[in-house]
Amino acid sequence: MRENRLRTLFAQQQLALSGWVSMGNALLAEVIAHSGYDAVTVDLQHGPFSIDAALPMLQAISSTPAVPLVRCSENSLGEINKLLDAGAYGVICPLINTAADAERFVRACHYSPRGGRSYGPARGFLYGGADYFTHANATLLTLAMIETREGYANAEAILQTPDLDGIFIGPSDLAIELGLAPDAYDDVRLNEAIDHLLALARKLGKYVGIFAGTMEMAQRMKGIGMDLVVPGTDIQQIKAEGARRVSALR
Amino acid sequence: MRENRLRTLFAQQQLALSGWVSMGNALLAEVIAHSGYDAVTVDLQHGPFSIDAALPMLQAISSTPAVPLVRCSENSLGEINKLLDAGAYGVICPLINTAADAERFVRACHYSPRGGRSYGPARGFLYGGADYFTHANATLLTLAMIETREGYANAEAILQTPDLDGIFIGPSDLAIELGLAPDAYDDVRLNEAIDHLLALARKLGKYVGIFAGTMEMAQRMKGIGMDLVVPGTDIQQIKAEGARRVSALR
Amino acid sequence: MRENRLRTLFAQQQLALSGWVSMGNALLAEVIAHSGYDAVTVDLQHGPFSIDAALPMLQAISSTPAVPLVRCSENSLGEINKLLDAGAYGVICPLINTAADAERFVRACHYSPRGGRSYGPARGFLYGGADYFTHANATLLTLAMIETREGYANAEAILQTPDLDGIFIGPSDLAIELGLAPDAYDDVRLNEAIDHLLALARKLGKYVGIFAGTMEMAQRMKGIGMDLVVPGTDIQQIKAEGARRVSALR
Amino acid sequence: MRENRLRTLFAQQQLALSGWVSMGNALLAEVIAHSGYDAVTVDLQHGPFSIDAALPMLQAISSTPAVPLVRCSENSLGEINKLLDAGAYGVICPLINTAADAERFVRACHYSPRGGRSYGPARGFLYGGADYFTHANATLLTLAMIETREGYANAEAILQTPDLDGIFIGPSDLAIELGLAPDAYDDVRLNEAIDHLLALARKLGKYVGIFAGTMEMAQRMKGIGMDLVVPGTDIQQIKAEGARRVSALR
Amino acid sequence: MRENRLRTLFAQQQLALSGWVSMGNALLAEVIAHSGYDAVTVDLQHGPFSIDAALPMLQAISSTPAVPLVRCSENSLGEINKLLDAGAYGVICPLINTAADAERFVRACHYSPRGGRSYGPARGFLYGGADYFTHANATLLTLAMIETREGYANAEAILQTPDLDGIFIGPSDLAIELGLAPDAYDDVRLNEAIDHLLALARKLGKYVGIFAGTMEMAQRMKGIGMDLVVPGTDIQQIKAEGARRVSALR
Amino acid sequence: MRENRLRTLFAQQQLALSGWVSMGNALLAEVIAHSGYDAVTVDLQHGPFSIDAALPMLQAISSTPAVPLVRCSENSLGEINKLLDAGAYGVICPLINTAADAERFVRACHYSPRGGRSYGPARGFLYGGADYFTHANATLLTLAMIETREGYANAEAILQTPDLDGIFIGPSDLAIELGLAPDAYDDVRLNEAIDHLLALARKLGKYVGIFAGTMEMAQRMKGIGMDLVVPGTDIQQIKAEGARRVSALR
């Protein structure tokens, strides 16, 4: 089975960067996959599209070395199975609040006996190879999002879920739950929470990824040793560069 | 944040009319939004399409003064969040049978601390404005469908759900549950049930909307003081006018 | 090969009615095909969609007795061949201004030796039957649109094009070319032109179809013996019924 | 209401064959529906598409005598209702593990009072007929998938679910759960499990369908009296024939 | 009819800026339309999509003050008419090499008697208003691309085409035709050609727009008094910002 | 620039095999690209889809070693340019009847000074590499279809078109034009014509490809030394295997 380069980077303690696609367009996904990112995440939670658009996006990413990840819209075996069958090499699952949530998520991503993933990986074979079934459980990444007070409180139990690879921190939602603004990326309370989660994960030998709302935050996250950093979305990229161009010409 | 004109109409006790789109086409949505309706509802419950088609429909409605509403396919935080992120200014949620259902629905539509809506409103910012996050909870409408015996029995508790704006009556399903035909719009039992729900809502200061299966029913609903009336679907409009044209020429 | 019921109706001098779909949605096409029309025309000239949307529309119409017609976007062998391969049983071609235009159109619709249609009718076989190739030339309808001054002036020559089945009158464009408003359906000059075209076609044994901008015009066209009448578009149906419903409730 | 030919075949104890479409393309669905199968199943569980693609596939199948079935992606009332509204004449529901799962599935497919299916069958009327509501509960097929150890253990209780028409065996998942390879179609343990499920169903007067991973297995399933056999997927068909052609020419 | 703000800006000799969308996604089009551009051009020449994707993009742009423009894929009345019917308020036509090409283009954009545009502006009415037909000829912009040696040589004749609003310079193709690299934006020969075209247009009272391959070029084009400047494509925006973010974090 | 493996095979006088996709689905294209073919041709002539579907198909093929080819729907610079920009590495152009047709086709595929291809190869860069512009003219394949009497008569002149790489024979259309049935693949007249074209091409140092309607014909074409053989379409593959499976089980 094709290796999961993110696992290799994680094992080597090298920072991995993921692009983020929240507009449902396959050419956009391919353009971003050519930007130098180690992975590209197709976001079905806040991206207004479904599997119909995600399939060609995953196919487009597959023509590059970038690892195809998805964020599913919810902790649903049905959706997660379709995305994995479509060739995703990792899943970021939103709103994991309890160890039971995490266990349910892990089970959705693993074949029996570890989990309840149903068999039929059409694009899994095409992208991963003929031995996909044998190695899928050990290859595909599972990252549980910590983004609520409840999830934060249960983080240690969540991180102890067997076969869960790690967590992915949603800083805007976590900030809101801490009573802060969604873009309070510099707030000390938010950053202490991030530090705490990273320390917990390190203690338990799990990986940590995070969405960075600004480039400053991205640099800081790199600095504290995050495994995976997402430096903004496709929409933020378009907006930032568009605003720069328009204002330069006014 | 752009105001929700339906709230204004409701506050002024003026009848609001919503068009209804159950075929997944953005031009159709725009044509209906130009018909003089105060709102247009994109129906993902009985409409055979998903968020991929709903996005351009909501965009098309946004080019008109009509308020973009959706009916979600089920009481799911994942789907509801995507539809709100895509710019819907209100959600009609089917099959609310208990106060717990209603609370779950309200939580899916509100940001923390009131609810668990996840942050990432890409089109929310575009349609609503840069201050979307601050005002979204108070702007977006939440209407719980009462359409089962169980929901009817629990209507008072449902209506007491904090921050639920009101209910939306599904007369065909309610009729079926009362043992009537789905088009028994004139039946006294159905109309007594409707009167009862309206009275309950008035007592509790909540709004009431209804789907009207015929124009006679729509007039009657206007007469009894409904806040929101949907005078039939796009398919009914096409069928009614098509039948009229064909029979006139045979 | 499945018969072309329009040919049968035409031969029996019975009025044929066609629905008209200019919004690219397959469910809409099916709803209109169930309205009692003898045919449904998928309009790729003024409808903002292409073959990608037309295919499922033609498939949907094929599940009903209505004959699937198309209006192509221009007199192009490439597009016409794709539409016929997709199962269209007749083509209305816009802007036929000369006999050469008409000959080119007829050639695009016929296999060699009569024409230059390329072989590969994937859905032709599915909808028409295994003997599609043998009978296609004699089954599929070709209707040339007369809608310009030039086309009107050349109408007799156009109608004499061998194997052209008839003409289809575009009254709005013809009105504009006569210096009238596009909705001058009652103007005597337009109606004299229509009468003239119908008389020419009758003399030469060809069929005549027309788009009717209003129901009054449709009745008049039925009265003068048109073979095929289109009583308005899907958008007109939606608008007419929508306006009726909204105004009744204001 | 249009009859469900599968019910007729089942009642006559004749083997029914279903094609299987897991690529979201309406022309492909129509081609397969013309291959001589009694039914065609649109697979939304392992097929990477959603209702947006399933609608035109169901429409395409509807233009043929093949019965349009779906496999839903999960046991969800929302999705199942949309697929039935879109004209599916039967649902295969994955991962039915308990009698409660089966009851929930049956309720999703039936109108009140038997179930909680919501009313609004737009294409149901077009494909089934104007009396759809009256006969839908008795016409549409419900097949619960047995594919886990838990489901296998609870098979008798599942089969006793009132109004459940039968079961559909997923041999690859069942094999995995038995500790076998997903393609262990010839393994005696798997075949004993299949025999057991068939015997249980016969005893309780229910139908049994199965997916056959190879033609040998399909013949064996025919031999033991299965009611419904799916001899492979569209992807398997393409791969088998493609490999045959390429290797013959190398 | 809704005014064309580009005409107003041009008349006031204010620089107009247009965004450029070459990936077929409606949310992307809306995001770019919110970036402060005066117009957004939907590029069907080098953008790998057709009218099916362009329609929702035009609808999305219509919900903002930005003027919706298109670049058609070729000088074809069929395609141009569909794009105008879909609500485009201006057309940039590639590869205008002769005065005859320009006249053909102008005719495709104007109703009779000036041109041969066919009547049926479904979205024209929705976006432009009920008096669309009366004012369309005077409102919609026509910009002929000069991008070949032949077009450059014939520029004066092209600019004299009655009712042609102006030209749009394609610097990459013009550079290639001058024997330069496609990104030779600073080359003196290219800039002399641009100066010459601008001078010709000024003399003849026509407008000039240009695509700027770099921000430096955009500033220079602003400096010499261009009417319309496109400061790069959506893909260039994504690439520039993506490369900036990735390299900052490596 | 990424090499064109077909050129390498042709230069080595090794038979190249191409799969053929005429249903507009990206997963199907990927499955066929994994079947062992050297190339996969996306057919926009008889395939009922356009660039909107072709883009993700080309992306999907790009994730495999198979060379992505297209057959355009007609000899149109606009369409051909979009397909090349979308990453096609070769174009088969239908209905080349004269040397002028061939020259027009070659010009559409080459940048200046050889041709008039417009600059803007978004996916060309992604699939081909950053030096795409420099090498595109020499890398992309141009194959002119000979399939009419006229084209056959002019074959020598067509083959002498500078920079045309070769011809592609359409045997069904050629058979029809010779007065034979479209599937007269064994007819001596057709085969003499094929031999003649092959000999002409060999004499002039050009390549020859052909569509083979049956496997027998494919073997024969391999035997006479064709450079490129297409052993049937996706639809033929599905039909052949479907019929085999159904008949085996009846």
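First chain written, first letter: the chains are A, B, C, D, E and F, and each begins at residue 1.
FYI, contacts are C-beta pairs under 8 Å (C-beta built on N, C-alpha and C of every residue); 3 or more make two chains touch, one makes a residue touch a chain.
Just so it is clear, the model here is predicted, and its values are computed rather than measured.
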Statement: Hop count on the shortest chain-contact route linking chain E and chain F comes to 1
- line: Joint neighbours (chain A and chain B) are D, E
Message: Distance between chain B and chain E based on Cα centroids, please, to the nearest Å.
response: 40
Centroid distance [mean C-alpha coordinates] between chain E and chain C, Å: 34
Query: Can you list the residues of chain A that touch 2 or more other chains?
result: 24, 27, 31, 34, 48, 50, 52, 55, 76, 79, 122-123, 235
Query: Viewed as a graph of touching chains, is the assembly arranged as a line, ring, star, complete set, or other?
result: other
Task: For this structure, give each pair of chains that are touching.
output: A-B, A-D, A-E, A-F, B-C, B-D, B-E, C-D, C-E, C-F, D-F, E-F
Residues on chain A engaged by chain B in the complex (per definition of touch): 22, 24, 45-50, 52-53, 73-74, 76, 79, 94-95, 147-148, 170, 172-173, 176-177, 179, 181-182, 235
Query: Along chain E, where are the residues that touch chain B in the complex?
result: 26-27, 30-31, 34, 55-56, 59-60, 62-63, 122-123, 126-127
Field: Residues on chain C engaged by chain B in the complex (per definition of touch)
entry: 15, 17, 19, 23-25, 27-28, 31-32, 34-37, 48, 215, 218-219, 222, 229, 231-232, 234-235, 237-243, 245-250
- request: Would you pull the chain C residues touching chain F in the complex into a rising list?
  value: 50-52, 54-55, 76-79, 81-82, 85-86, 111-113, 116, 118-123, 133
